[in-house]
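Presented sequentially are two complexes of chain A, the first with chain B as partner and the second with chain C.
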Partner chain A sequence: MDILKSIYEVSWFILLIAAGVAALEGYFYSHFKFYARPWFFPAALSVFPALALAVFGTLLGGYSFKLWLYFLLAEAAIAAFFRFAVKGRHTVPYLLLAPAFVGLALLLVYPFVFEVYLSFHDLKLTTIMMWKNTGTLPFVGISQYIKVFTTSPLSEITFWALLGRTLVWTFSNVFFHVLGGFLLALMLNNHIRFKGVYRTLLVIPWAMPQVVAVLAMRGEFHSQNGFVNIIIAKLLAVFPFLAHLGVAPVQWLSDYPLLTCTLINIWLGIPFMMVVILGGLQSISSSYYDAADIDGASYSQKLRFITLPLVRPVMMPAVTLGTVWTFNNINVIYLVTGQSGGTEQADILVSALYKAAFTYNRYSYSAAFAIVVFAMLFFFSVFYLKSFDAAKDER
Partner chain B sequence: MATVQFKGIVKKFGDNLVLNGVDVDIKDHEFVVIVGPSGCGKTTLLRMLAGLEEVTDGEIFIDNLLVNELHPSKREIAMVFQDYALYPHMTVEENMNFALRLRKMAKTEILSRVTEAANILQLGKFLKRMPKQLSGGQRQRVAIGRAIVRKPKVFLFDEPLSNLDAKLREEMRVEIAKLYQRLNATIIYVTHDQVEAMTLAGRIVIMNHGIVQQVGSPIEVYRKPVNLFVAGFIGSPTMNFLSGRLSIADGVAVFSNESLTLPIPAFVLPQKEAADGREVVLGIRPDDVMVERPGGEKCSGKIDGVLEVCELLGHRENLYLKVGGQRLLATVEAFFNRSPGSAVSLCFNYQNMHVFDKTTERRISE
Partner chain C sequence: MSAAAKRKRINHLLIHAGLICFAAACVYPLLRIFSVSLRPGDKLFSTDLSLIPAGATFISYARLLGDTMFLRWLWNSLIITLATSFIGVSLASTAAYAFSRFRFPGKKAGMILLLSSQMIPAGMLILPLFLMIMKLKLMNTYLGMIIAYSVSSLPFSIWILKGYYDTIPRSLEEAALVDGTSQVGAFWRIILPLTTPALSIAFLFNFTTAWNEYLVARVVLFSAKQYTWTLGLFELQGQYITQWGMFAAGSMLVTIPVLCVFLYSSKWLISGLTLGSVKG
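The block that comes next holds the complex of A and B.
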């Protein structure tokens, strides 16, 4: 009977969403239909804010003048948009796009606007009750942004040291992702037996949930029971001279946390690059290699003059994505070092940001911090894609 | 410049026999066109000469040097590919001098060779462009230029015109003919287009099913096809084939089938080949079917037929005729003012009649 109950509940949920979409479409449709009528503005400005206030007020458990004002302003903007910009044209495209657009607005735009709002105010453990009781927060201007660059998000390390560590982390990770991915893709691009098997095995770290993969690897770096140290110990037993070179089992997680995170993340990130580059390699026509053979190019010359330039167009977007993902990679750092009073030696910008917000409860400071990180990545991506476009136009 | 010899070339892809004992001798400065239908192994043969495919069995010589195991770049050949294979990230100039740069040739020498080739091919103003900024014909010229700058012993062309539209193809065909006169090189040219083969070749190699069917000058393969395949493949529109049986009456061979009976004079079919009851196929080109014209002394007697369809091509006209149950195509001067369905009389020109044995498919006429 439990299953019937679940189905019943899920059906209600689906119906609720359908009703929401229908209400949304009705709302937009009325704007398309009546935008030219003389009573359009008065009707829209009275009916919709009142309706919205009734619904939202009930849900939120209280009415307020401020809330109503927001609805009124929003409705005025939407009504003006329909009256003067849309003018009843392109009804169907707009109606089809509306649910996705509203969903995106709720999930992306609203949190972003709220974050900007937070970053100019002061929400922290000491002011959170004030915010709950009065709904207002002290406005502090850009002082949160100044604090981002002058104070430490954690107990000791500065923003600039964190930034440097993040850049090193990002560069080393992406470098080895591309290098490893490229080498593996080159090998897989040959006519070898069991290619599908190798490819499947190689893609596993990427295909399985990152949390599982990271926690499994974290166990392998355990000083006593992890396979890394066990293999080092066995190697030392077989080749004693290695000890003179400084090879010895170490406390990976406590003494080399950033290195451990880097190794794990390299292992995690290679498959993506491999798949992308393999796709690029397979799209290169074999006649280029025939022509290069006749021209007398050696293997390394073919790699340098043909493979690399022709793989570049697929590699550049992947490198951009990989850079952003690595720069923002909280999973690996947090899962390896972050739990139960872990070390701060491996923290990069985003993991420090997470700790500042949810360990040290400095919400507004974290909001400003997040916007700074966002700005850095935004400008990096724009610059990178622009330069890539410019390089493409030259051809 | 160089000679090229194929000796007993065999190529297998797995169990699939692609070439089965190819022997061809190509002389110095010769323009040889290898022609055949798709899948006959002609491109494979060229790629083996270039060193891009392994030789399963047999020997390839360039200038009397066995090249079976030689790396493509050491064979002193240059190849023009069907899809041009221009490196898309290099300019025209870089494409043309890529091989020379790899050889670490002196800059001045590279420049003079590229300039020379660009002058021959009128590519001077495109040298700084990227391949994708060029039209199909220009790309084709760049691909040829890339071959010229290397001053190879042998030029290989792999269906170079098949990606061009009809008009451009004709222009480039003339360009290649001019280029051959200018370079005076050994050229091996693969195509499936028999018009290219007829117009360009000094000698034609006709291949089918991995076997060389006939080697000869264009006029030889047109006038004296050695078997049914060559007779059907060369010439456009295709030759008319009439199957039937020979009989001997009063010492004269007579061809007959359900639709028509035709004496075959001795100057067409030698006495020793004319056996009573032999199954044969007559081949007559559409040009040699004369409709409503007084036949000369070397023509057959009048045969009655029916005009089924006329196709006006401009200066010529294709007539689809029916003699009894036998369909025939005749090509005549325009305008043949008869409506479809009308009765016509026709005769065959004995001088260009071919007789093939039906079972061996080999030519038995003179």
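The block that comes next holds the complex of A and C.
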């Protein structure tokens, strides 16, 4: 019965969305088609604001005169825009784009703007009921931003410590992803047997659902039942002298949480780099290597002067992407260190942000935090892409 | 045997050895889950490393399917994911066509918006989406989840599909237009059927993203009946450490189909990924 009910619920919702898309298309189509008619303005201004009020009234807080006035003003602006600027040109592409971009505006741009709004106001557990009922919040200026830099998002760790840890985390992960990926790609890029089998097996960490992979690996780092400590214990039994070198089973999850997360994430991330780099290697024409062989170049010379420069253009976007992904990786850290009561020794910026919002319920604080993180990431990306473009132009 | 051939052989042996080590490291955790899922209830925490444990049994699977709501969780995930992917791919297919075939003011700005949306930290939008869903009174429902997921893969899907449309010669549609079909008709009857491979990649991408999602589900869903499988598995492993066997069984049941689909489609998925990233 439940199954039927859920099918009914979801198909009803999809039909609703289809109707919404149809209404949207009709709305824009009428503006594209009739913008020049003398009755365009009176008709648009009388029909659409009233319709909008009827449809969105309850959602946006009651059928008030004020709301109708807003719709009227908006419609006047849109109608004027269509009449004097668009003039019915490019109808087809805009109609094709409309649903996707309205979706993006509602679920990507609007939340983003809302996050900015939140960061200047004070939303926390004590004010959330007020916000639910009245829709307004106390304005607090930039004090949330000041708090980001002066107080801890969790219980003790500071913003700066988190930033440093995030940089270490990102750098070490990306470094080993690229190193491991490169090594594996070089090995795979030979004429060897079972190449396809190796390739298939090597992408498994990437192909597994991340939640399963991370939780399973977390189990492997368990101090008693985990595979890692079992192997260490067996090694010690066979080679007792290792104990003098400091090799001993450790409490991975409670004593070295960040190291554990890093090891798990390196394991997860190598296959992607490997596949991208392998694609790059396979696109290098063998004639370069033949020519180098005739000149008597050594393996390391070929690697340095042929392989690396030619793989670079394929690798750089993947490295950028990998850096942003690693920087933003909440999944691994959250799944390994658990939620409330978990350790904060492994938290990086984004996971602290998530915990501040949903474990500690400091909504506005975490909004300001998110804006700061976004700004950092944005400047990094712009700067990085610029320098990459500049390097391209030089060549 | 000449010296060069001998060296080559040794090289290949070394490469095989290296690859076998790495491949073992990649596969071993999966095999371990498999082995744990077969263990009888009293041996769950043994330090045994053998692949098929002594007294192997399917009891964990039976208990998982019988005692927990695992099937229900799978069903929840499936329906949310299917609806999300359907909406995402339909919106992306038309938008990508507009970007591929038409020149219009705002085209470049639109493409830049799509690209820069990839820079927004995933965790950043969870809070406002959570508050929106709360305000719409859709907490703990499928609809809330579908709303939260539906556009997350949209920019990437548009990007992939645009790349694919660009490879289809325009002359095909032009011929149809000469024959008197409308622009929309040409898109519907000629372009869409031709792009089935790209559409399925986009669908797959949307599907896996939503299927494996955890963080949004964590904050939107709070009753065990509405959980997606990711939440359910976390619950099995996180809270009751005694349910390790059921966790392993559940992991196997979820992973095997995903793995098959991924390996089957990896060639196309990867070409799509690299295409998007190289151009970006």
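Methods note: the second predicted complex is superposed on the first by the 350 of 395 C-alpha atoms of A that agree within 3 Å, B and C clash if a C-alpha of one lies under 4 Å from a C-alpha of the other, contacts with A are read in each partner's own complex, and residues count from 1 in each chain.
The rule is simple: a contact is a pair of C-beta atoms (placed from the backbone, for glycine too) under 8 Å apart; a residue touches a chain by one contact, two chains touch by 3 or more.
Because the structure is a prediction, the values reported are computed rather than measured.
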Margin query: Based on the shared chain A superposition, would you classify chain B and chain C as clashing or fitting together?
Written below: fit
Next item on the list: Mind working out whether A:Asp290 is in touch with chain B, chain C, both or neither, as first, second, both or neither?
Entry: first
Checklist line | Chain touching more of chain A, residue-wise (chain B, chain C) | finding: C
Next item on the list: Tell me which partner A:Gln301 touches in the superposition: chain B (first), chain C (second), both or neither.
Entry: first
Next item on the list: Specify the angle subtended at the CA centre of chain A by the CA centres of chain B and chain C, expressed in degrees to the nearest 10.
Entry: 70
Notebook entry, point to check: After superposition on the shared chain, which partner residues are touched by A:Glu9: those of chain B (first), chain C (second), both, or neither?
Noted result: second
Next item on the list: Quick one: classify A:Glu220 as touching chain B (first), chain C (second), both or neither.
Entry: second
Next item on the list: Based on the superposed arrangement, let me know which partner A:Leu310 touches: chain B (first), chain C (second), both, or neither?
Entry: first
Checklist line | Distance in angstrom between the closest Cα atoms of chain C and chain B, superposition on A | finding: 8
Check: Can you list the residues of chain A that meet both chain B and chain C?
Finding: none
Note to self: Can you tell me which positions in chain B touch chain A when the two form their complex?
What the structure shows: 47, 50-52, 71-74, 77-79, 81-83, 85, 87-89, 98-99, 102-103, 130, 132, 146, 150
Check: Across the complex, what residues on chain A touch chain B?
Finding: 285, 287-288, 290-297, 301, 305-306, 309-310, 394-395
Next item on the list: Would you pull the chain A residues touching chain C in the complex into a rising list?
Entry: 2-3, 6-7, 9-10, 13-14, 17, 59, 89-90, 92-94, 96-97, 99-101, 103-104, 107-108, 110-112, 114-115, 118, 123, 132, 183-184, 187-188, 190, 192, 194, 198, 200-205, 207-213, 215-220, 224-225, 227, 230, 233, 267, 271, 275-276, 279, 313-314, 317-318, 321, 324, 327-328, 330-331, 334-335, 338-339, 350-351, 353-354, 357-358, 363, 366-367, 370, 373-374, 377-378, 381
Next item on the list: Mind listing the chain C positions that touch chain A in their complex?
Entry: 12, 15-16, 18-19, 22-23, 25-30, 32-33, 36, 45-47, 49, 72, 75-76, 79, 83, 86-87, 91-92, 94-95, 97-99, 101-102, 104-105, 107, 110, 113, 116-132, 134-136, 142-143, 146-148, 150-151, 154-155, 158, 183-184, 187, 211-212, 214-215, 218-219, 230, 233-234, 237-238, 244, 247-248, 251, 254-255, 258-259, 262-263, 266, 270, 273-274, 277-278, 280
